[in-house]
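For reference, the structure is listed below as structure tokens.
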Amino acid sequence: MSTVRLTRVVAFSAAHRYHRPEWSAERNREVFGACANEHGHGHRYECAVTVAGTPHPETSMVMDLGAFDRVLQQEISDRLDHRHLNHDVPEFAFGKEVPTVEALAVHIWNRIAPHLPEGVRLEQVRVHEEPHLYAEYDGAE
Amino acid sequence: MSTVRLTRVVAFSAAHRYHRPEWSAERNREVFGACANEHGHGHRYECAVTVAGTPHPETSMVMDLGAFDRVLQQEISDRLDHRHLNHDVPEFAFGKEVPTVEALAVHIWNRIAPHLPEGVRLEQVRVHEEPHLYAEYDGAE
Amino acid sequence: MSTVRLTRVVAFSAAHRYHRPEWSAERNREVFGACANEHGHGHRYECAVTVAGTPHPETSMVMDLGAFDRVLQQEISDRLDHRHLNHDVPEFAFGKEVPTVEALAVHIWNRIAPHLPEGVRLEQVRVHEEPHLYAEYDGAE
Amino acid sequence: MSTVRLTRVVAFSAAHRYHRPEWSAERNREVFGACANEHGHGHRYECAVTVAGTPHPETSMVMDLGAFDRVLQQEISDRLDHRHLNHDVPEFAFGKEVPTVEALAVHIWNRIAPHLPEGVRLEQVRVHEEPHLYAEYDGAE
Amino acid sequence: MSTVRLTRVVAFSAAHRYHRPEWSAERNREVFGACANEHGHGHRYECAVTVAGTPHPETSMVMDLGAFDRVLQQEISDRLDHRHLNHDVPEFAFGKEVPTVEALAVHIWNRIAPHLPEGVRLEQVRVHEEPHLYAEYDGAE
Amino acid sequence: MSTVRLTRVVAFSAAHRYHRPEWSAERNREVFGACANEHGHGHRYECAVTVAGTPHPETSMVMDLGAFDRVLQQEISDRLDHRHLNHDVPEFAFGKEVPTVEALAVHIWNRIAPHLPEGVRLEQVRVHEEPHLYAEYDGAE
């Protein structure tokens, strides 16, 4: 009996802006740089979701891939793709959490975790904001 | 004397929305789909600018790379990176041109062309909206 | 009025075998090498289809992307993805054409061309058999 | 004395089919979808093999790269490249294990592990079936 | 309070040669192969530096990205980019350490570690010598 | 009878330096920047060689791939891989041509052209010095 990790990567296109409304324009600019630009900008995010489990003795699969894809579609694509994170995702509304790649990794972990079947463990969520910048979260406190 | 083409690729992160204000919400949705979402979304664009010329006999260069990069910085990065195309680029304001990848290729061509040194010809502008979708423009009518 | 080229890339996973039944096993092995192995092998093909036209004055699009994707789905994905080219595509049956990347480029051109709307011209089909080997066809005789 | 991990990536092109002969055609179709198609299909697999050890004080190498490449050639390329996994690899014959990406990761681990020199530890085998789907195995039960 | 890992990737272009002056030419050739060629050769290295910490409650950032980039610029780009490792980096002078990808990972770790702010932990340095060969170091002895 | 283009991509790792011995150190630095550093630096070059012809009626191949690969091995890999271009390639010796990516594209064209079989036309040589910079040459004067 082997424990294998399986990773599925999905992409989504979203806009965001870094802005704390309780801060002055100067402080927003100083801390967030061009990410503070008023109308926001955008990225092609790639999100890699890793689960772990024992491959089923008949199918040699850790998890049914169709079921995995439906969770990712519902929790990532349907909610984040072609969206403006600050306007369309309540947790990232101005005054709440700033939609950094770190915050997105934790956010997506929390959305995926409740939907995995018994015996399948969520191992890691990795979110690339661009090819040269990414965050990983594995549930650690 | 050989004519060689030289291509430099730059990336920019921008938000955009497809929306014609003179159309109904229904028609915008029907024609533009998720690209019509109210608050816009974003992409990591990659733009490949190709010039052609005869390599200089002493430097073997078609064009000084530092000068090439300064044109791309000024006409692409400084104007489009970390911007919302509809709000920050007058040509793509709502009611004007829709910021498709086709329109961006022509727009960038028109911005780059006047800034090339004598003897260097602009050959092509290619813009990737995502890895699997891109437009090319070579000045053809 | 500008003429812009627009390219959409789709992938498909297929098996194939190089084998001419009228040749001896030795000659098949000599000409086709490991591609002649009896049970076939497989690739992840990437196919880039390029069309050209004048962006529509209202939408700035060369062609409706949804319509483009439906043609690619019907003529490429539905017919070639998760298939064995020799067994599942009549034109590549043993004794007919060998399913090389060159033959695939011409084959896909011939499948796509009849389905483009008026005013949109098929420019090129590029097929990657692997990242370091690809063929391009532009309708030239 | 530092412990460093070294990873070598190799690719192989193979065909496979998901099919359990003791199941009905309907059940095979229901569980395996298009992967159950009768004649199989194919992929370009990428396999990343990671070893760990202490770099040699004279060569600064964890393992001689030529020796590493010979193991990968013998155990991966020679056995899996340009092959049909169900027909050419006994462990994946119909009725035995289904050649999923999870099963391939464990299979390759078991082939590589006996061939590493003393002082070099096999750390992980990662197999990509396509760019957006991969499995990792590190010997865990 | 979540612990998140953040990775930034930077590239540098450098030349190197594998050569131990206390060895004969024959032994250098036998052990190092083409890497022993007299005048050296070069690579485009990619270096991924991973840090870990708790995202700041106001900025949702593990570390200020500008500060992170300044450390990478100073310790990696300014010292290694457009350099010949054996000639320009004292630790890799002939007779000292051979500039393998394993040695580079440890070297970069040791350069980065002293410059991280309090509360941010260096997790891993991964160095790609080419796309298919890379080393990782996490400080382990 | 269709004319199809076939492209094969090969990589090579090489060092180079931009330096004109008849210029002052100041002028070399001013024109060539960090590329003028005394000991040189390196790149992973990717070279795409495109040929065109009519696929053979029996094999559906423009050119035998083994023969194509032997030409690329002999004219590119054997001469340029793991080499220092200024020291190991006479045409790029100091005082002769500066080994820019433009010069390399022309150089490789001239090496490949005489070795193609009858009926196969050399179409283009594209050389990437890095992912974001490349030159193309098609024999044009």
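Quick notes on this structure:
Order as written gives the chain letters A, B, C, D, E and F; numbering starts at 1 within each chain.
Heads up, the rule we're going with is that contacts are C-beta pairs under 8 Å (C-beta built on N, C-alpha and C of every residue); 3 or more make two chains touch, one makes a residue touch a chain.
Predicted model only: the values in this text are computed from it and were never measured.
Listed candidates were E-F, A-B or C-F; the one reproducing the A-D interface, defined as more than half of contact pairs identical by residue number, is C-F.
Interface comparison, A-B against B-F: more C-beta pairs in contact at A-B. Per-chain Cα centroids separate chain A from chain F by 42 Å. Chain A and chain E have centres, each the mean of its CA atoms, that are 28 Å apart. Across the complex, chain E is touched by residues 11, 13-16, 34-35, 37-44, 81-84, 86-88, 130 of chain F. Across the complex, chain A meets chain E through its residues 18, 20, 31-33, 97-103, 105-106, 131-137, 139-141. Residues 1-10, 50, 55, 58-62, 64-66 of chain B are the ones touching chain F in the complex.
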